[in-house]
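There are structures below to look over.
Both complexes below contain subunit A, partnered by subunit B and then by subunit C.
Take a look at the complex of A and B:
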């Protein structure tokens, strides 16, 4: 990375470091596990989430207030990152956080599809991407799926949506595929090889996730192939085609050839549930992002690490509180935490 | 006695009563057989009902845990959003079948347990936590439908057994004894009349 680029990142990285220092220390999570829900909520009310809790306390109560506060805080934090960054950093952060725009579009389309009320749909919206809350509110006011798609005609999401013929799953998949290809294109444009490697690893892990689910459900090769995302690091197109055509037990055995096998090898004997496999693969991506963020301190990588660390904080808090609320055994809660 | 008051002690009435007694006795025998058959059928259904109830409870516990994991890890916001994508609701068709004269329901369900790509949501942006929660609840709904069919059949059989038992008892302890009593009364009365007649004839001859 050139000196000029390093200078460009100095400001945003300094801001991100300051923001990262405010994250809940990881040693707090085991303590949360021993606390009651009201105690955890009280802790959160006195932390960085105070404003969000105060803001939403009229609308929600209890664990719903907790979850919506976390979600609001996450959205505002990511929006702040977009606002304080410039040039390349801004471009890459915006591209990375497009996943939230896609999430919001999907939620609005699903809501319109099922005839949910505007309020119900807006509850599921997290304006952490480029689309602001007021844009999303305007979209929610439109009555039909077709109307929402037409309103998005000026956005980059439109090409993935315009083929809608009544099958929501199809355009959801098209949106996700578009998102992954867009991120790869953005990273390639900036020439940040390590960031690109991370994104391609993420694609591999996502493809593995899709393969596991589809193979276990006994889906046909062609149905699987149309969902797989090109551009992975280890799992190239030929690998994906081969894996998609194997029966489930052979598919699992074939994974031994790839580096990801070490992440799941010890739990690959019992595949009655894929939840543990999926959790391991997700953690693999997060640990990898954290590792590479230290290689180039003045680049997009520390920002990426912060984005993921913030997400982990929100996810961990939610898992603990919702897990306790739904009386999940502690070992299940622990197995999903990233500490 | 009320029965005797309304009886005409005639031969034709006696023949009529004998016919009624015979009919009641054969009805009683048939109803007893039906009751026993229904009880056997009930015991067979009872085993199935116990099994399906246990399966429903087990599946409910599993489904609740899967949903709890999905709500915790993905968040309620995500679960609700994905639930909006639900394509179609299960369709139930209610038919009936006959078990020893008892009409019991037969429930045919479609679109309950769907394939992975038929749930309505995209695969790429979702996780197996959602799939497994959806699957577990779909299987639960299927089992509840089966349990509803079996338990309604059981209820109907029980109602019919009770009804048949009442009929058997009524025939055994009321109808047949009363008819027999009436028959005995007529026989006795006819014999009495016969004797009176003989006595009258003898007096006229004398």
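Take a look at the complex of A and C:
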């Protein structure tokens, strides 16, 4: 890593590290489990989310206020990263955060498909990508899935959506594949090998998630293979095809050959809960991001680590409050948390 | 000391200060950028940031010391 690279990333990395130090510490989550919802909301009101809660308190109340404040804070934090970064970092952050555009498009399409209300759909929207909240609100007002797709015709996402023939899962998968292929192209364009490595590890973890889900659902090899995303780091196309064709017990044993095995090794005898597996894989991503961001401190990695950590913080808070609201047992809420 | 020798000593002193200054500047650019970044998020980093930024200045001082030795000892 040359001097110029160090200079390019010094400002944004120092800023992101300072932002990371303000995240809610891991030790707080077990304490939240012992608090009531109003107590958690009060804690949030006095934390980094204060401005968001103040801003939205006229419009929403209770857990809705909480949920919207988290989404707003997440979107503003990510937008801030784009605004305060320059050159390569700015390009890579912008490209990486397009995943939120994909998330929002999926949320809106799913909402329209299932006939959810505008308010319900907007609750799940996080305007952290290139599509602004105003654009998303306009999209939510459209009545049909086809209408939403037509409204997106001027965006880069349209090629993945235009093949819609009534099967939402198909275009959701096309969107995911489009996202990763474009991100790999962006990483290759800049020649940033670290970004590429991070992205390819993310693809591996996503593929593992898909494999576990589909194997549990008992789907056939060809159906699974259609869903898998090419471009992973360890799980190349041949590995994916082999894993997709194995029955569940052999599939789990075959994972021993890969580094991801350590994540699930201790629960490999009891892989009944998909939630447990998915939480472990998410934790793996978090630990991996944190570790490699220490190996390469002046690179894009500390920024990606922060992006991931912030998302997990918001997810954890949401899980705790929604879990408490629906009176789920503490153990179940805890099993969903990534700590 | 003949005038040529005196001139060479002066040039040497100039090079010592100049190169040390450039080196210190190169070191400071990343530290300064990082210090400003950290301060933008939290003003409490002002003291630490300032301290870190001036650390490469010691290289410039070494250059100055070498220049002074050249000028006054030779």
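FYI, the second predicted complex is superposed on the first by the 326 of 339 C-alpha atoms of A that agree within 3 Å, B and C clash if a C-alpha of one lies under 4 Å from a C-alpha of the other, contacts with A are read in each partner's own complex, and residues count from 1 in each chain.
We adopt the following convention: a contact is a pair of C-beta atoms (placed from the backbone, for glycine too) under 8 Å apart; a residue touches a chain by one contact, two chains touch by 3 or more.
Only a predicted model underlies this, so the values are computations on that prediction, with no experimental measurement involved.
Once chain A of one complex is fitted onto chain A of the other, the partner contacts of A:213 are limited to subunit B, with no touch recorded for subunit C. Contacts of A:110 after superposition on the shared chain: subunit B is touched, whereas subunit C is not. Touched residues of subunit A, counted separately for subunit B and subunit C, are more numerous for B. When both complexes are overlaid on chain A, the residue A:68 reaches subunit B alone and has no touch with subunit C. When the two structures are aligned on the shared chain, A:221 is found in touch with neither subunit B nor subunit C.
Contacts of A:332 after superposition: subunit B is touched, whereas subunit C is not reached.
Of the two partner chains, subunit C is the only one touched by A:10; subunit B is not. Touching subunit C in their complex are the following residues of subunit A: 3, 6-7, 10-15, 17-19, 22, 84, 298. Of all residues in subunit C, those touching subunit A in their complex are 26, 29-31, 33-38, 40-42, 45. Residues of subunit B that touch subunit A in their complex: 64-65, 67-69, 71-73, 75-78, 80-87, 115-117, 119-125, 127-129, 131-132. By the touch criterion given at the top, residues 64, 67-68, 71, 102-103, 106-107, 110-111, 113-114, 116, 120-121, 123-124, 126, 168-173, 175-177, 206, 209-210, 212-214, 217, 219, 223, 227, 229, 273-275, 277-279, 315, 318-319, 322-323, 326-328, 332-333, 336 of subunit A touch subunit B in their complex.
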